[in-house]
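So, here come the structures, one by one.
There are two complexes below, and they share chain A, which is joined by chain B in the first and by chain C in the second.
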Partner chain A sequence: MSKTLLIFFFVFSISVKTDAEVVKPQKKQNFRIRLNNSITENDTKLLENEIVFGRGIASKLLGKYELLKDKKINNYIGKIGTGIAAQFGRKQVKYFFGILVSEEINAFAASGGYIFITTGTLKILENEAQLAGVLAHEISHDKRKHIVENLNLNDISSEQNIYSAFNILGGAVRTALEKLNLIAFQILTEQGLPENDEYEADIDTIQTLQKIGYNPHSYVKFLNNTLLISKRKFSSTHPSTELRIQKLNEFLVSKKISKDKGKLNTDRFGFYVEI
Partner chain B sequence: MLKYNLLIILKILIFLPQVVFGDDTHYKDMLFGGRAAGMGGTYIAISDDAAGCFYNPAGTVYAYEDSISGSGNAFFSQKYNIEDIPKPLSEETGSYERVGESFLANFFGILRKHDDFTYCFVYLIPETNSEHQFLSINENVWQYELDWNLEDTSYLAGPSLAYSFSDSISWGLGLFYHYRSGRFNNTEHTNYDFDSDGIQDTSANFFHRGEIKEHGFLYKLGLQWNPVDEIVFGFVFDQTVIQNSLYTKVSSGTAYNWIYSDGYSGGYQLALENKSHRSVPIHYGFGAAYYPTPSTMYAFDIDYYSSTSTNIPFGFPNNNYTVILPFSQVESAETAEVINNSFSQTLRLSETYNYSLGLETYINAENSLSFGFFSNNTSAPDAGESTAYYYDHIDMIGLSGAYSSHTPNSTFTTGLVLTKGEGNLIVNHFLPRKINKFPLSRSSWALFIAVN
Partner chain C sequence: MQIIIFIIFIFLILINNNSFANSKSNNVKKERENSFSFEEVDQLRKKSTELLKTKKTVIREQNKSSLIRNKKRLRLRAVSARIGVRGLLDIGELEKGKVSINYEALSWVETQELSETESIEFLNQ
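Now for the complex of A and B:
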């Protein structure tokens, strides 16, 4: 209900133009822009605004958690994540990978290419294949725009209105944007994304690991490990881990994916990740 | 008294007029670029993509973004047909048809924008001519076979630069290297049994082979002006200057006569080389485009080509000095040679105009259609205005249509271009002085694809 009110507020706000409206420089002979070009124009605008939106969520995460300043491990995580994103992420998005200092076992896709993993998660990872699985899972959330869709911002009519609000913002709109960021932050850190979104991302993860050459079963092993650690819950933001594992196992069987196939890179992981 | 046996051979020789090389009297034979081709080449006032680098470089400053484009004829078919040609040694008339087919990648362009400048590099094939014919006539007492093959293609490649003075005026320059390469092979064979006794009385074999090479430059200057919103005018000026050319032709023939003591038997071989440059008309183009909505656009072009004199590669008639002109009364080879030498070796091209109309409409943001109509008139002189031995005089019209599928990063276009024209093959005779006209038709269709 509150989200609906916020969206309504946005639409209403931008329908009343203010002096603060930013006029974008006109392209030469704009009348030449054909209908097909408007696809690109809209997509670009939407992406730009999604990045701004994601940056807002990221700032909230960084407000809650400290960012790990370890060059060696940051570079390593960045390389693994960038490699996966280059092949399976959105081409137009520049991905950023950060490590949050927290004992929680969690990872976040803050939208717009901002991906975070906690030190708590890194501690229970056994190898590079599992790390790649966690990052691929978050990249899938980003690629599928789960958080954006969960906020119902991807409806064509409301999306255009709301996203354009980012560019012509007045003070009230900024406040509303801040609230939307807060809702997204709460979804990521407390409520969690819908179960279907998690399953989608899980399946994407298995397929990604398989294509890259990592052992897909390693990701299921990681989920199993989280179950074994009773003190540290995997996270309340994820659906029943048992159910996820069950579905993934069914998928692996249906696709006849061998347990022994694919690399783990345990030594390299151990070399770089020392927490 | 006419030497009947000689006449037989020679008449057969020229049964099919041998237009030596491609079509230098039409200037809109090939459309290229997906969007431009779909609109019948009506692009002078549009030109805001890589294809525009050639149509009118000035328009490229308004290109939406950097792009790489390519287009090609997935299938291209040409047909050339002459009616009412008298058959050898017969009162009957017939027709002959030459056809050509090809798959041709005829355009590639790269466009880059840099502030107020845009620069491009394009490669394109503005004209290609492909004619093939195999003719076999067997009328009991005489046989005739012809195998004719011609391929003639012109290429252009080079950069263009455009600059916008303001939001409403831009200019562009292009310099394109011109290269033309063509060749033909023609063999003819005839036998005749005069007295129908089953024994061959005369026979003749002729072989002709020719090549054409041209090097030069096409200079192009373009301007676009947007005086009021949604309307653009475009202007272009260009000319191809041939810097270097070489036409070569080799002919040989043998003829045997077994029944007449004064009949001709023997052979000949002749090689010709011509380095004189062909002249190409100056082209002025004007276009207007109207963009009422993002989903609709209308365009109109008019092209003017100046008159000029162009040499006829290899000259006329077909190199064999003993050839007697068709339908003429020549009593000796000496007379024939005199006539031969008197033929005009140049063709005075008339000034001519082409018109084209284009329409582009979007079904939605992902799908659009374009249509075009265009003329491709000849600059060949009317009958009686030239003493060139023979030439085509035919005005063509064309229709085009294309479908485009758009994604945020690319456009795929496929379409069809149809052309058709009817006119005359004009043959000038000297003895007696008269002009013959034979109904002539040309047609072509091309299925093209393009990506941008």
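Now for the complex of A and C:
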């Protein structure tokens, strides 16, 4: 038995080695170019592919976490989220919002308009302005396609993306896309996005809250609250909260945004969100 | 002298007779050799069918073994191709675990009706 196993591993290692030798750097580069073969953002086919990619990640998230099927809260979050998404100018994308049953304090933006927030996050939110801040942050990630940027495929240009790869037929590309979907899911749930991406989304959040009429400082307050809880259970996918708060405070000061300006809608939030 | 000629004559006759007899017997033998009995034919037929059967089984076994070899090669190629793709994508050290998928929950999320105009009005309230 052990002999046959040894023979199998020997043959297997030889075959793998030969395959690796066949893949030359030039071919690697060509493959990347094919994957990154960009089309303009408004292309409908490209958008469809983005949604398919996002659906894949969303289905995996819902496989990991239980979905809270509460129409009252879901409708409330959906209304707030859709209103915020309209501010981001992606009218061609229909946004969907879901609540995940988890004590983790986290929210996720799968590609293609799928946004999720955990019950753990909802528990520590104090008002509607903070909820709007969290949703705006995730919608910003979605709009900026941060998850795609972090798949290490955009070494040709940051503006290019992988969605056009769906148009390329061939088993290798299809397998590659499924792998990419899995990696995107792992980045969202385990690694988290890089600090710069988080900061970009934070700035977008402050600007959007200000535009809609919410108090932008409420979002910083939320981050402070998460920092206080972080020692206990804050998700490891947002490790640099302290630095983010510092940068946001600097931004608020530089833009001279008053602490008292803007609505909080605490009562309405309390009416809808009962967890 | 006459006696000697007579003896030679008789001797020659005898020799001729013997050679004839021999040739005749040879012919009979040959005829016997060339002719087959029904039993012999049947035995030969049986032998040939057995030979054919053994040949067929040998060919089948050869085909089977070649198929198995090819399958193994295909499997190895498929595995190595996947690894090749993995290498191309710079996956790094991410491990592929078993990820469960829930489309039923996803369809629930997708069926929740949301109006953009209503949402904007709701935000402005």
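Things to note:
One rule holds for everything that comes next: the second predicted complex is superposed on the first by the 203 of 275 C-alpha atoms of A that agree within 3 Å, B and C clash if a C-alpha of one lies under 4 Å from a C-alpha of the other, contacts with A are read in each partner's own complex, and residues count from 1 in each chain.
Operating definition for what follows: a residue touches a chain if its C-beta (ideal position, glycine included) is under 8 Å from a C-beta of that chain, and two chains touch if they have at least 3 such contacts.
For clarity, every value in this text was computed on a predicted model and none was experimentally measured.
Once chain A of one complex is fitted onto chain A of the other, the partner contacts of A:Pro194 are absent, as it touches neither chain B nor chain C.
Counting residues of chain A touched by each partner, chain B versus chain C, the larger count belongs to C. Within the superposed three-chain model, A:Gly262 lies out of touch with both chain B and chain C [touch as defined at top]. Contacts of A:Gly78 after superposition: chain C is touched, whereas chain B is not reached. Shared-chain residue A:Leu182: touches chain C; no touch with chain B.
In the superposition on chain A, the residues of chain A contacting both chain B and chain C are 28, 31-32.
Listed in rising order, the residues of chain A touching chain C in the complex are 11-12, 15-16, 18-20, 22-23, 28, 31-32, 55, 58-60, 62-64, 66-67, 69, 71, 74-75, 78-84, 86, 91, 95-98, 114, 132, 151-153, 172, 175-176, 179-180, 182-183, 185-186, 212-213. Chain contact summary for the complex, chain B toward chain A: residues 48, 61-62, 64-65, 164, 167-168, 226, 229-230, 232, 291, 294-295, 297, 360, 362, 364-366, 368, 404, 406-409, 411. Against chain A, in their complex, chain C makes its touches with residues 76-77, 79-92, 94, 96, 99-103, 105-106, 108-110, 112, 114-116, 118-120, 122-124. By the touch rule above, chain A contacts chain B in their complex via residues 28-29, 31-40, 43.
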